Structures are given as structure tokens and as C-alpha cells.
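Heads up, the next two complexes both have chain A, just with different partners, chain B and then chain C.
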Partner chain A sequence: MNALYLAFAYLRYHWARSLILTLVAALILFVPVATQILLSTSERSLLARGDATPLLLGSRGSQLDLTMAALYFSDEKPDPVTMEAVESVWDSGLGIPIPVHTAFASSGFRIVGTTLDYFDFRNLQIAYGRGLSVLGDAVIGADVAATLGKGVGDTLVSSPENLFDLDGVYPLEMPIVGVLAATNTPDDQAIFVDIKTAWVIQGIGHGHEDVVTVAEIAAGSEAVANAAVVQYQRITPENIDTFHFHGSQDDFPTSAVIVVPNDTRAATILKGRYLDGENPVQLIEPAGVIQGLVDRIFRIKSLLDAVTTIIAIAAFAAIGLAVFLSYRLRAREIATAVKLGARKGMVLRLLSAETITLLSISIIIAAIGASLVAQNAESWVGWLLSLGA
Partner chain B sequence: MVRLENLKFGYSGTGFRLRFPEFTLDEDERVAIVGPSGSGKTTLLNLIAGILSPESGLIDVDGVNVAELSDAERRRFRASTIGFVFQDFALLDYLSARQNILYPYRITPALKLDAAARDRAEALAVACGIGDKLDRHPTALSQGEQQRVAICRALVTQPKLILSDEATGNLDPASKERILDLLFAQAAEAGAAVLAVTHDHELLPRFERVLDFAQFHEGVG
Partner chain C sequence: MTFAVRLLSTLVIAISATFAHAQDKPRVVTANYPLQYMAERLLDDAADVVFPVPEGVDPSFWRPSIEDISAIQSSDLILLNGAGFSTWVDRVSLPRAKTVNTSAGLEDQFIVTESITHSHGDGGEHSHEGLAAYLWLDPTLAIAQAESVAEAITARGLAVDIDVGTQLSALRTDLEALDALAETSMVNLEDTAIIATHPRYQYLARRYDLSITSLEWEAGAMPTEADWTALADLVAQTGAQVLFWEAAPPAEAMDTAADMGLENVVFPTLAHAEGGRDFLESYSEAISAIAGLQLR
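Moving on to the complex of A and B:
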């Protein structure tokens, strides 16, 4: 009790030194623990997303890019596949294809053009408003709503892909009709639209003023379409009927297609159909791709652990030296205590009480920090993975 | 109060030898010890306090042969029977004046820190003229004030013997007189004997007896 009293008095009086030692020790304890928590959560989160996506169909190329774009809506832009691939899966009757079009963004968040099947597949719940029903509707993830401060009734405008491309795509204004409940997955960071809306953003579909009127047709005028014809940048009940697509839908693009096979047998048959290396389309298992990524991350983690261990040893040695020097500086105090009749071990108890108090406070600070990290790890990891591009 | 007989002591590895045939210090007596540096004055104080053990001889303090006590017994005996005043005050900078005075109670279970001890510390501080500075740390006190705190610390445990090692050595002449007066007054009030090492010959007339140490040691120490 007396040793603790004196220890507190010493630490309080030398508060700056005590604070530095405490914070350094807390940091040494916190960093490896926080790293471990974040890496474990990342691993769980990555694998969970991969495990929840049985098969992924996309253009042949980097499997990782395809996975990151389709599952985590990263900035990677794999070569698109056509909707013919989607139709092919439908026609096979072996599974349900869900197109995922991730080529565009708005206010820093990726616009995901898909079908209603996606919401059922990911079990996404509408927290506010309603789901997609009309061309141009947007449903936003929880983080998008929180970050942009937008909700049902607000609008979003798709970002132009190339400011200098005068012939390029016009931005499309989309009304927000729903906000998704948080899932701590990349879905929280996405703006969902119907895939047809994504095609409108891409310029494949559009709406515009009539090139000729009924009166002009009656008068025998020739129809001349040119830049003077107003293109609609917002889909409204008044102009929605003017929106149309040119060409065959089979040729329209999508970034990837999530394929939900009916059963294991169906999955095996589907995989067999895309084994040919000459086929421009590939069918991959995202879980395997993610596992490869995680293995790579954890190889890096073991290196990180070694570096952290070395730094921790060096830092604790420095702290030990500081404490040792402090004890040497206090030799006079120790001699005084002995002369005044301090019982044997009192000095050791006093110095131990100081060291243990410092370490205890450090452990508490590190534990609070680790607890904060643990509480927020899922959302932070979700955010990091969405940045992962 | 203190009786020494045929005391012999030497530091191993040095040529220092202390031979002390006989010495007595009565209760309430104030005795000064003088002598050249290294003659063994501080060593004698440490022997009487039980910090050092003699090779042979008797060290009787308040009826107890200190030399025969175990280490733990000596510590308890020292805490309860002897008050120390040092030249460099030996105050702890991280404790307030009040906490410094009560420090002996914090380091040994032989002393119990109770309300009476706290009252005694307060009363001693008032008597020594530092009653209004009890919450200050030593760095905020003058040297004279620091030595007053040290005297309060030596007396708060109500010791029967005050061992003073150059207690006035760091003070200016005016302060020396005042501090010595204070030490004697408080010791007299507590009924404690004072054995004081000093180099200050101007202060010797204030003591009842002077012990010249030059005759007791051999070799270099």
C-alpha cells in the first residue's frame, strides 16, 4: 500500500517522463494486437465474401482483378463480358447469373448495375425507402448515405469518365429511392442501380426529344438528328418512355457475372464449360482467389510480426534502460530509505510498484485501443477493402 | 542512552581502522564529534545506527546491544529509536514537505501512520516555522526550509537519539545558528539525545561535550 502510494507520488510528480514511458509501452503493446485484430478480421471478411460467392464469370485475364471488381467494387476495370454470357448461363439451366456492372462511379462511390437477384443473393435489406423499380432509380449502401449525408429523395450524379471526351458519356442524375441496412461488407460502399441504368450511363441507352414530330411527318419533312436534339440527363415519369437502347441486349456489357449454381453437380458442369484457355470468358471460384490473396497477405504478416518483435524488443530495452538509469539516479533516495530503517525489500517493492503501475496503465491504454479496434474492425476493414483498389 | 566499549571496525580492502575504547552519551545530552575528513565520524554514526556492524565491541543504545540484532531487528530498531539529519537534507523531490516529514512511516511497518503522527508532523512543522509550506515540494523551499523539513522528519517518530551528520554544513552562518537552535529545542522537547558530526568549530560552544575523533582512527579512511 505504502509502496503504491510512493509509486503514484513519484509518477505523478515526474508526469512527463511517466507519460512518455506509458505511451511508448502502450504503443508497443497496441500495435501488434491491433494488427492481429485487423488482419484476422480482414481474413474473415475477405474469405466470407469469397465463400458467399460460388462462381464468378468474367473476361479472361487477372482473376484477382475480376474478383476485386465484382466482389469488392474496387477500381479495377476488367474487360467486360457481354450479356450473351449471362443468357448462356440462363439457357443452361444450371444456375442463376447475376450481372455486376461496376464501370462507373458517383461522388467517389462505385455504381453497381445489377438485377434484383443481387439483393436476394446478398440478403440486402432496405432500411429506408424502397428497392429498385424504375429505370434511373438508385439504392445506396449505408456508408454512402452516411458519408454523403444523402437519403431517400436526394439525387446522385454519375461522374463523367473523361472530362475531355466531348463525344463521351453525359452524367446521369439518379434519384435515391432506398438506403440499405448496414452489412459491414463492400455493399455498404456501393450505389446500386438496375443494369439498364448502368447502360444508360454508358451511353448505350438514352432518351431524347423527338427528332421529328407527327406534324412534320405529315408534312413530309425529313428527319435529321443532330447535336441540337436535347439528350435527357435525368429520367423522369415524363421522359422515361423516350429512353431506348440501340442494338441487341446480348451485346451489352457487364463487368462480371456472379453465377449461383443449382448444386455441386451444376457447378462442376459449368466449370467444365469454361476450362478452354481459348475461351475469352473464364469462370472462377472467388474463394480460391481470395484464399491465395489472404495467404499472400499472411506471408507479409509474418514478416511484419518479425519487424514488430524486433522493434518491441528494442523499445522495451530502451524503456528498461530508462528505468535502470532512473533507479541509479535514485541511489541517494535508496540510501536514505535504508538509513531511516526501510525494511528489506521495501526499495525493491517501491521500484516494482512504479514499474508495474506504468505497465498496468500501458496495458489498460493498449487494451482500450485494441477494444476500439475490435469493435470497429469490421467496418474499418470493409472500408479498407472497398479502397483496396 | 549510548554506551560504546572497545569498539573495533575496519573497511575490508582499505587501510581504515577504527578503535574506540569507550564512549557514553546521556539522555538529553548534546555531543559534537569533530575530526578531520575520513577520520571515521560518519562511520561511528552508522555503527551506532546499526547500518554497519563492528568487528568487536559493545554498542548499547537505549539498553539494546545493536551489534547483536539481526538485520531486520536493526532496521526496526533504527526506525523507532533513531532520527537522522543529513548534510544534504536527503529530501525526496517528488514528495511534499508534509509527505517528506511522514516518509519514515511509509517505508517501515515498525511505525504506524495514524492521526497522532499526522498531528505531530503538523505541530513540528509549525514549531519549525514551515507550517504554511507543508504542501510545497522541496524544490520550492529554501535550503534553510529544506533542513527544517529534514529535522521534522528526524523528530516525527519520537526517537530517543538524533544522529546529525553535518546538518548545518550547507547553510549560511545565520541559518546554521537558527537550525541548530531549532534542532536542540525540538530534541529537548522530545527528550532526545543529540550526537552531531560537525566541521564547524564556531558551533562547538553550543554543545555540552566535544569528542575529537582524530585520536580514534588508524590508517587512511
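Moving on to the complex of A and C:
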């Protein structure tokens, strides 16, 4: 008890040196632990997205591009598949196909055209406002809302695909009707619209000023339009009834299709149907693709672990040297203590108490830091991964 | 006093239980009345079957409010007619997993109406193909739709205590009987030109080999002078002897048509239920009216 009291008094007297030693030791302990937490959370997060997406249907080509576009809404643009692929899965009765159209962006965030089934599938909850209801509605992820400072009642405008394509895709103004609760997944970084709205952005569906009403179309009455008809860039309650689509929906595009099979047997049957290399459509398991990517990334981790170990050994050696040198500097002080009647054991206890106190405080600081990282790892990793996308 | 308290408690519990039971029932939304009728026949009391389009509004061109859409989205099954019947479907977000197009397997039997051709920008001309949508007026197509409804109900496990197969058999028998009755009665219209007040009877005409020319009159309203002129012209062109009214018009309108030498038949298209009668009753009544016609 006396030794601890004297050690603490000594450390307090030499507070600057004690503080530096404590912080350095705390950092040496904290960095590898925090790195480990962040890396394992990243791995878990990456794999979880893949594991949560049983099957992915898309055009034959790079499986990684397809996975990144459909799961992480990256800038990759895999060749689209037609909605006929969606219908064929429906017709098979083996699973639920969820189209994901990611060809367009707005304010730096990807516009994800999909069906309401996506929200149920990912268990996305509306934090403010309401879900998608009518053509043109947009529901934004939590990060989109925070970054753009936008919310329910504001609008977003789709970015033109090509600045020089003046006759091509028209930008569409979309009202924000809902903001999703944060999930720490790429969904936080997405602008969700009905896939039909994505087709309107693409120019497949459009409204006209004064040509023919949908009522007339459905009734089959004849109407011939004059040539230069202005297309709307905003869907309003006044013009929504004039919006219509050309051609068969089976021919409309989607970037990829998430397929949720009914069971393992259904998944196996479905996979078997797309094995033919001549088939322009492929069905992949995103978990396998992500696992491959993670394995590649985490090969660097072992190198990082070795470097961290070497640095930690070197740092501890440096601390040991510093402590040893401080003992040498305190030789006269120790000699005085011996002359006052302190035995060698007492001196050893005093020095040990100082070292143990320093290390204990360092461990406590490192543990607090690590627990803070662990608590926020999900959101920090989500943010870091979204930077990559 | 004690008895009264007990009785009150029992009533409260019974009402609560009934309410809770009602809340637990699956909810089915349909795009028109025939689908509502089919779903009710197949589900009996196992689900709440709702046709949300208000009376007097054409379900083909209904525009649901955000509240309507929210209610539709939250239902367990959404039964659509297909064939372009509900134009609102193209402009509303629906959960595909809960939505069933009851005519998806009938596309090869659709009747294509006139096309509309137009162009805009530099995109060149393109066409909108129109489709006749009142499939159920052909009972054989109604049977196919009922089968599709039954399949959807079974696949989603909505009928817990009901044998949907048995219910479907009964419905199929009724619709087959209706078809047989119609076939017999429509013989009366063989080689007879018919005019309809609205172009809704394409599938009926095809099924029973009827020759129907259509006008574009407002259902149930008194025709205008221009309407009467158009009718007179059409009668002169076609030699029509029968006029199908989509909905009963004012008596005066029927008298005027009769004066023009036309036999009046009110043949409801049944997109909405008519006059408190169910699908079979309304259809049978129209057939009986046709069977009773005294044609020249």
C-alpha cells in the first residue's frame, strides 16, 4: 500500500513523463485491437450483405461488377437484362425476383429503381414520411438525407446520362416522400424509386401535354398525335394520368435481379437453369463472389498483423529502454533511499509499483478506446465501405 | 345487478374477440367486381375481400388516393384483371410478390382493339395497342380467371379452414352452367345486328358469335341529340334490332330507342356490382332478357 502510494506520488510529480509513457503504451495496445475490430466488422459487414442476398440474376459478364452494382450500388454498369428474366422466375414459382435498376444517379447518389418487395426483403423501415406510392416518388437513405440536407417535401433531379445527348434521357424531378431509417448498409446511400420511375428517366415511359389520354388508349379509340410533343420533366397530379409506357414490359431493362428462392431445392433448380454458358443471363451466388473479394482483400491483413506485431515489439522495447534509463537517472535517488534504510526489496517494490500503475492506466485507456471503436464499428465501416462504392 | 355486469362483460369479451378475429383475417383487394365475387366465393369468410373503387367511378380509370394506395399495398393479395383494365396500376407502386394478374395465362386470347399512333421528339412514330379488358363477360375466361385466383390464394396460404379446390369446383360448375344458358339464349340473336352503348362486349360477342357495333355513350345517362343521331345512323348502316345498354338509362331513353325499332336489353358489364345482385344473378338476368326478345 505504501509502495503504491509512493509510486503514485512519484508519477504525479513527474506528470509530463508519466503522461507520455502512459499514452504511448495505450496507443501500442489500442491500435492492433482497434484494427482487428474494424477489419473483422468490415469482413462481417461485406459478407453479411452477400449472405443476405441468396441469388443474383444478371447479364453474363463480370460477376464482381454485377454484385457490386446490385448489392453496393457502385458505379459499375453491367449490361442490363430484360424484365422477361424476372417474369421467367415468377413463372417458375421457385422464388421471388426483385429487379434492381441502378443505371442512374442524382446528386452523386445512385437511383435504385425496384419494386416494393425490396423494402420487405431488406427489412427497410421508413423513419420519416411514407413509402413509394405513385410514379415519380423517391425514398432516400439516411446518409443521402444527412449529406444533402434534404428530407420529405424536397425534390431530387436525376443526372443526365450524357451531357451531349440532348435528345436522350430527360432529367426527372422527383419529390422525396420518405426517408429510411439508418441500416449501416449501402441502402443508406441510395435513392429508391419504383422501377417504373427509372424507366421514365430512361425515356421508356413518358407523359404528353395534349395528345391522347390513357383512358382513350385503353378504350381503343383512335387518336393521332402531332409530332413535336413536349415531354414532362416532372410528374404531377395534373399530368400523371398522361404517363404511359411503350412496348411490352417484358422488354424493359433492369441492371440485375435479386432472386429469393423458396428453399434450398428451389435454389438448386434455379441455378441449374442458368448453367449454360451460351445463355446471355447468369445466376450467381453473391456470397461466393464477396467471399472471393474479401479473401483477396484480407490477404493484406496477415501482412498488416505482422507489421503491427513488429512495431509493437519495437515500441515496447523503446518503453523498456526509457524505463531502464530513467532508473539509471534515478540511481542517486535510489541510493538515498537505501541509505535511509530501505531494503533492496522495498526499492524493487517501489519501481514495480510505478511500472504497474503506468501500464494499468494505459490498459484502461486502450480498453475505453477499443470499446468506443467496437460500439461504432458498424457505422464507421458502413461509411468506409460506401466511400469505396 | 351481478347478472347485468356478467352479461356486459361477456358481450365486451365477445365483441373484442370478434374484432380481434376480424383483424387477423387476411385482406384481399380486387381491381373489379367480378374478381371480388370470385375471391369471395373461393374464400367464403376466411378473408376480407375488398373492391376499393367507389360506386359510380369506372374502375378502369380510377385514380386511387395515397390512402387508397397505402391500404392496397398493405393487403395480403392484390388481384388484377390484366389486359390493361386498371390504368392506375402503371402509375402506382405495388408489391409484386402480393400482386397477381389473373389473366396472365390468357394473353393469347386477348382481343386487340384499335391502335393509337403518335410521335414526339425525334423518336419516330410508335403505337399504343389497345386491348379489350372485360374478359369475364365470356364465362369460360371467367373460369380461367377464377382458377388463377384460386391458385394465388392457395400459394399464399390465405384460406386456412377452407378447401379452395372444393370452392373452385362449385364456382366452375356455376360459371359453366351460366355459359351453357347463355349459349342457348344467344341463339335468339343469331344473325341479328346489335348495337351496344359502350365498347365493352368484345369477349361476349366472340364467345357467342354476336355481331355488336359500339357507341361511346355515358352509362346510365340520358343520351344527347347527337347521340340519338349517331344511333340512327348506325341503325341505318347495320340494320340493328337490339340495343345493349351498359346500365339502365331513364325510361324515356328506352322508349326513344324502342320507337327507332330497337329492342332494349340492359346488359350490365359488371365492373361494379349491379343493384344488389351478385355476378351470376346479374348475368343470368341479362341472358333471360335476351331469351325473351321477340325479334322480327
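We adopt the following convention: the second predicted complex is superposed on the first by the 322 of 389 C-alpha atoms of A that agree within 3 Å, B and C clash if a C-alpha of one lies under 4 Å from a C-alpha of the other, contacts with A are read in each partner's own complex, and residues count from 1 in each chain.
The criterion applied here is as follows: a contact is a pair of C-beta atoms (placed from the backbone, for glycine too) under 8 Å apart; a residue touches a chain by one contact, two chains touch by 3 or more.
Here the structure is a predicted model, which is why all the values come from computation and not from measurement.
By the touch criterion stated above, A:His14 is placed in contact with chain B alone, chain C being left untouched. Comparing chain B with chain C, the partner in contact with more residues of chain A is C. In the superposed model, A:Ser133 makes contact with chain C only, not with chain B.
Of the two partner chains placed by superposition, only chain C is touched by A:Lys196; chain B is not. Shared-chain residue A:Phe245: touches chain C; no touch with chain B. In the superposed pair of complexes, A:Ile96 makes contact with chain C only, with no contact to chain B. Contacts of A:Asn2 after superposition: chain B is touched, whereas chain C is not reached. Of the two partner chains, chain B is the only one that A:Lys344 touches; chain C does not reach it.
Looking at the shared chain after the overlay, A:Leu116 reaches chain C, while chain B stays out of its contact range.
Within chain A, no residue touches chain B in one complex and chain C in the other. Against chain A, in their complex, chain C makes its touches with residues 60-61, 63, 66, 69-70, 73, 84-85, 87, 90-97, 113-122, 126, 128, 130-133, 155, 199, 216. Against chain B, the residues of chain A that register as touching in their complex are 2, 5-6, 9-10, 12-14, 332-333, 335-344, 346, 350. Across the interface of their complex, chain C is touched by residues 90, 93, 96, 98, 115-117, 120, 130-135, 137, 167, 194, 196, 205-206, 208, 211-212, 214-231, 240-241, 243-246 of chain A. Only residues 49, 51, 71-72, 75-80, 82, 84, 86, 88, 90, 92-95, 99, 103-110, 137, 153 of chain B touch chain A when the two sit together in their complex.
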